[in-house]
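In what follows, chain A forms one complex with chain B and a second complex with chain C.
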Partner chain A sequence: MTDALLAGELPLPPRPDYLRHGSTISSWLATTDHKRIAILYAITITFFFFLGGAAITAVRLELFQPNGWLLTSDTYNKLFSFHGIIMVWFFLVPSIPNTFGNFLLPLMIGAPDVAFPRLNLFSWYLTVAAGAFTVYALVAGGVDTGWTFYTPYSSMFSNTHVFAAAAGVFVVGFASIATGVNFIATTHMLRAPGMTWFRLPLFVWAIYATSLIMVLATPVLAISLLLVIAERVLGLPIFDPARGGDPILFQHLFWFYSHPAVYIMVLPAMGVVSEIIPCFARRRIFGYDFMVYAMLAIAGVGFFVWGHHMFVSGQSALASLVFSFLSFIIAVPSAIKVFNWTASLYRGQISFESPMLYALGFVGLFTTGGLSGLFLASIPVDIHVTDTYFVVAHFHYIMVGGSVSAFFAGLHFWWPKVTGKLYPESWAKFAAILMYAGFNMTFLPQFFAGYLGMPRRYHTYPAEFQIYNVMSSAGAAVLAIAYLLPLGYLTWSLFYGGNAAKNPWGATGLEWTTGSPPPPKNFDRQPRVDRGPYDYHAEGMSAGTDPPEMQNARETR
Partner chain B sequence: MSDESALLREPWSNFGRQREAGKFGIWVFLASETLFFGALMLTYTVCRVEHPEAFAVAGRETNIWYGTINTAVLLTSSLTMAIAAQAAEESAPLRRLVLACLMLTAMLGLAFIVIKGFEYKEDIDKQLVPGAGFALSQPGAQLFYGFYWLVTGVHAIHLSIGIALVSRLFWVLLRRQLPAKDNPEIEVTALYWHLVDIVWIFLYPLIYLPGRAS
Partner chain C sequence: MNSLFRLPEASTHAVTVDHIFYLLLVLSGATVVLVFGLILLFAVRYRRGSAAKRGPMPEILSREFEIGWTVATLLTFAFLFWWASSADLSSLAAPTGALEIHVVAKQWMWKTQHSNGAREINALHVPLEKPVHLLMSSQDVIHSFFVPAFRVKKDVLPGRDTDLWFQASKTGTFPLLCAEYCGTNHSVMQGKIVVMRQDDYAKWLVQQPEGDDLAHEGAKLFVSQGCSGCHAGSSNVHAPRLAGLYGRAVQLADGRTVSANDAYIRDSILQPKRDVVAGFEPIMPSFKGLLDDGEIQSLTAYIRSLREEQQND
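Right, the complex of A and B next:
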């Protein structure tokens, strides 16, 4: 007996899901369906992920030997710059928000689409155009400023393609703002009846907090890059000390965006993990309210810590002290989240499916990255390790160990919902463990090399650091295999995988109450919500689209 | 009611809700724009604190007549835009007033750009473009004009987008492709237009008044 019959209605005629709703090229490229736009984004960022990965593969090969056996200094500088620019703005920033956020936000709040569907599509086209600029910068000869575009090097001295790369980042920033505006308006205006703010899944809260940062921080990045472009192209002297300009001003503007941008990258990851851990521990999330306030606190305080990137820039001792203090403060909400994820596991019926393995990997690597961040927030230690591999290891633990692990966690968790297909679970578990091992093999040695004084961004180094670099490069090879594996078995599952049921994990949340894959307008009937999220065990079932007495009837049969 | 169904867009089922979302969305975007111009004004402030005398000398070189006339033109355009937005919400049929005010708004915006063009011409003739052969000797003066060219340029781009939006709206309403009454696009466009005006109200004292008060 189906749900519709239980409710006393005639069964709905079978309708094509969103993937089979139209198959022409234009039905994809002109779509306003948030689910299809999410797929477009997924294809785009996968392309950029492997492009940025290819650049760093050459760098890691080079670092096997201390003497610069493979690349010239120029090529090396261009490769790590390209890696940084692509990975930050064309993979990490759009990764979880624009794929899972786009796909899941309307589903999770019970809406048929985002608030401004055409703006959503426009944002994807902006991303592609921006990517074309940046790839052009590479093809035309590359850019060697590092992803940070520090002045006066970028504005006065570098004779590489700074303009094209900066223009690419400038444009992708507007894609980011458009997406942020869209998600904020969607969360405010399109929640289903009964979906109150404190019944929102934590993933929705995470996307909401991320969108706030995108909207308020990205314009400042746009200005800092516009000033660099204006100085290079029009000769305006904003950062030129010879004409009275101030190169340090660039660092302030840049980090006013780029520190909050770290939270653009990691808050959505926290949201993903907050969905997965309760599901595979069969427990309500511990301290839901605190999780929400912690995310908002991270988003808010994140705007006032940028100066910890500038302890050696010559800023005043008082400014350094204040920024150091605030950087310690922001560790508190992050720690609350780690405690709450751990506490959610306590007395849970934990099962170790692949999404859970990735999610637990996230918690461990994020904690390591966060604790090493405290070293860097402390001024004396930071001065010792500034611009060394210690910093490189720290932020890769947060961004790759944290965000990318969570991206793969979400990919495996929602893959059956997005594609309607099941992937081979043992391969997925193997890849998850390999990724965790490969990651630590790659980046743990960098903490040691950096603490012993190996500076970042040089392609030759003293021979005593070779052991750490060989370990790191060997680990990177393992990591590369772990990243290629999902590409293989997930693609395989599209053609040969079994069909997924509505709710293969027995998870709560409105996205699991509709079909896999969902129909074009997401829900056949308007969902109504009458309970909070993560209601594992209360009635044993998820929040549904039908009245409680009917859900009870279904559960007892 | 037929008006409302012509204006209803995916994914909304309720027109009032759609209107509210449109307004809310543009307010969020305007917050973003505030940070955009705010960062530029911060840059100006830092440079001015470092070079107060040079900024006073450079400020005196600007042509306050062009600036003041342009301020008046832009503020008037805000008035016509506000009338258009209000007229669209009245219950009495005021379609012709909406159309007239939209056209006036676009024309005033265009007048601003033209006057700005004359001012740019004069600035170029006076060699006030930073670089070799710059007219003023103080090092900070080049910074002032760096800011001047950049911020007025960015403002002019914003205004041109505004003119395009208002003209498009005028054309669509004139051809009756969409009803004017309660059309949410009018108010959304108006909010954007007012922001561009408010930015100018901040730019006027920053550009034209340094060095003139004393």
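Right, the complex of A and C next:
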């Protein structure tokens, strides 16, 4: 007899899960279910991911030869600009928060939905509208300012479709802000009884910290793009030095958003990995509270390091020193997190399913990328390598090696929960290993090219750098295969995969206590929380092989 | 030009930068070995079902342990900051007596002008083992003057001077690159830096077609543009005298005090109402649009030379 019968209740009739709850087009396009909205986002960002990927494929092909054998300079400049704009604002920023964040945040805190479900749907429509602007900019002829829109080039000199592209980014910023507000309100208001702040899974903390940055930083991006448009379209003198403006002002405004934006991209990734490593090591996360404080510290200090993008811009030496110091300081919480993930493996019972392989890949690539960040925080070294391929390699290690690996880790970890289906595990393992190898093949050579002085955004380049570019382009081909593989086998699993159980990994966390896929309102009964996260073993013990203690997803009587 | 893994260290500054770079490389390598090593070790030793000891966690893995490595990381990074930054301090200001060369960047070329007026395009000849101070400005968008072999880079801005100095320590030809994306032909905005022995440089310099040197060119402009109508000593108009101005502190009408440097002189020519000298009426017209960057540099050089004459008196 089930608990329900023991309690003298009639068993609930079987109800369709959220995927089968309605199958009309409007049941999707007008849904306010956070899980369906997450699916809408997933489809959207997958589209943009491959669009941005296509642009960079052409770029990498072009760079096989030093002399521009395939594209004109203008086309080349438009392609890397489009790649950057799409990947940053239409893939990386929304990737984990708007898919997994949307799907999991209410499930993890035991809520039926986010705080503002209709605002949530509105954010998705904003994202789509913004994407339409940006794709229009491409179709109409492209934009060639780079994703950074530096003035006065963007405001006075470029004759490409800056307005459409900037408008796209401006609008998608509001989607970001709305999502951030929604997640903050959800975390504050909708936690299940007993779900105290320090019982929150680290993924929830990560999404919460990310949302704070989104809400506080994104308006500054909106302002800076609005000023570019004002100068470009209305002729207002803002950045034009001949009329008393200051082109450097734009860089301050832009990086005030865009440096914290790096943490918008990487904090959720840290959250994902902090869920996966304990699960497959069967260990409590090492130093839970330090992990929380580290994320909040990153979110806070992240607002005060933007000037390290501007060491060569002519800013005062004093400003450079302060920004350099703070940039070293912000590396501390990141280092702590790496140590804690590593320590969480100690005395574990570690298994290596595909999510764990992706997660360990994240730790490796994030560590490499983070260490290269120390070079960029040191003023004399930064002066030499800034605006070279060293920087390109550095931020790809963090934003692609880190965030995209974690995105795939999360995708494989929660895929059974989201779709109710199991994917072919050996293909997934193969893709994970291939992705790690392909990534390093692509971006490791760029550290060398950058140190030797190859500037970024170069259509043609001195022949001595060809060897590095050929290595990089060859690696990119491997990486492209690694990205396409999951598209194949995950799609396959939707139709032919076996059905997933409630909790296929034996993980803790409220999302695993409900069905796979979950019902429309997530839980049949209000969950109650009586223990902290990652309760894989008793406090002070090592990992065991017993199934973990689960949260009580039924009302206790 | 370059070997596969080595970039020539062709300036005194390059050696300093490489020292920091190598220390960071060693430190990063050690961290990578530590982290990857531990992950591999744990992955093998604590794989599921292995016979390795589990049981109660050792006492040492406590809160203090965590605080310990946090503090250790913090101190390491603070040391790195101090070490890297203090190495850079000496490179902030050009030493006195450095050879001054003017650089004007535009889409998509580098124009350089030596102190005697000799001009070059996409090239710059400099003497060995003598500090060279570049005063740079852009005529359009932001560019960046990048000489990998010297480990120096500085953005070149429209409407504002930036500067850069280096002391070459090897003869030879080294690439000059634009490192800030500046439009269509950004990647061909390249030039060469030719480092010559000092006597060769002197010979090379006299062989160049004689341009007026900057200060003389500036003196001509000073008359032809009508500056002398007010600023010459003999003028009836109440305007500040410029002899001895350069480098001096200037009292402004609104109570501020500014130093009369290149930026101040440029601003005073282009936006004369901004920093009005105390005791004078704001009657000077703006020369915005009438003078290009090269001409402003010449005028600035002329005003600077007035300081030197003053000191010689």
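A few points about this structure:
Everything below uses one rule, namely that the second predicted complex is superposed on the first by the 527 of 557 C-alpha atoms of A that agree within 3 Å, B and C clash if a C-alpha of one lies under 4 Å from a C-alpha of the other, contacts with A are read in each partner's own complex, and residues count from 1 in each chain.
Throughout what follows, contacts are C-beta pairs under 8 Å (C-beta built on N, C-alpha and C of every residue); 3 or more make two chains touch, one makes a residue touch a chain.
The shown structure was predicted, so the numbers you read here are calculated from the model rather than taken from an experiment.
By the touch criterion stated above, A:146 is placed in contact with chain C alone, chain B being left untouched. Between chain B and chain C, C contacts the larger number of chain A residues. When the two complexes are overlaid on their common chain A, residue A:219 makes contact with chain B while staying clear of chain C. By the document's definition of touching, neither partner reaches A:57: not chain B, not chain C. Contact with neither chain B nor chain C is seen for A:75 once the two complexes are overlaid on the shared chain. Contacts of A:377 after superposition: chain C is touched, whereas chain B is not reached. Contact with both chain B and chain C is seen for A:244 once the two complexes are overlaid on the shared chain. In the three-chain superposition model, chain A touches both chain B and chain C at residues 242, 244, 246.
Interface residues of chain C, counted against chain A in their complex, comprise 1-2, 4-5, 7, 13, 16-17, 20-21, 24, 27-28, 31-32, 35-36, 38-39, 42-43, 46-49, 52-57, 61, 63, 66, 69-70, 73-74, 77-78, 80-81, 84-85, 87-88, 91-92, 107, 140-142, 144, 146, 148-149, 151-155, 157-160, 162, 175, 177-188, 190, 270-271, 288-289. Interface residues of chain A facing chain B in the complex, by the touch rule stated above, are 32, 106, 111-117, 177, 180-182, 184-185, 188-190, 215-220, 222-224, 226-227, 230, 234-238, 242-246, 249, 253, 256, 521. Touching chain C in their complex are the following residues of chain A: 73-74, 77, 144, 146, 148, 150, 152-153, 156-158, 241-242, 244, 246-248, 281-282, 286-287, 290, 312-314, 317, 321, 324-325, 328-329, 331-332, 335-336, 338-340, 342-343, 345-352, 360, 363-364, 367-368, 371-372, 374-375, 377-381, 383-384, 386-388, 448, 451-453, 455-462, 464, 467, 540-545.
Chain B makes touch with chain A in their complex at residues 10-11, 17, 20-21, 24-25, 28-29, 31-33, 35-36, 38-40, 42-43, 46-47, 50-51, 54, 130-131, 138-140, 142-143, 145-147, 149-150, 154.
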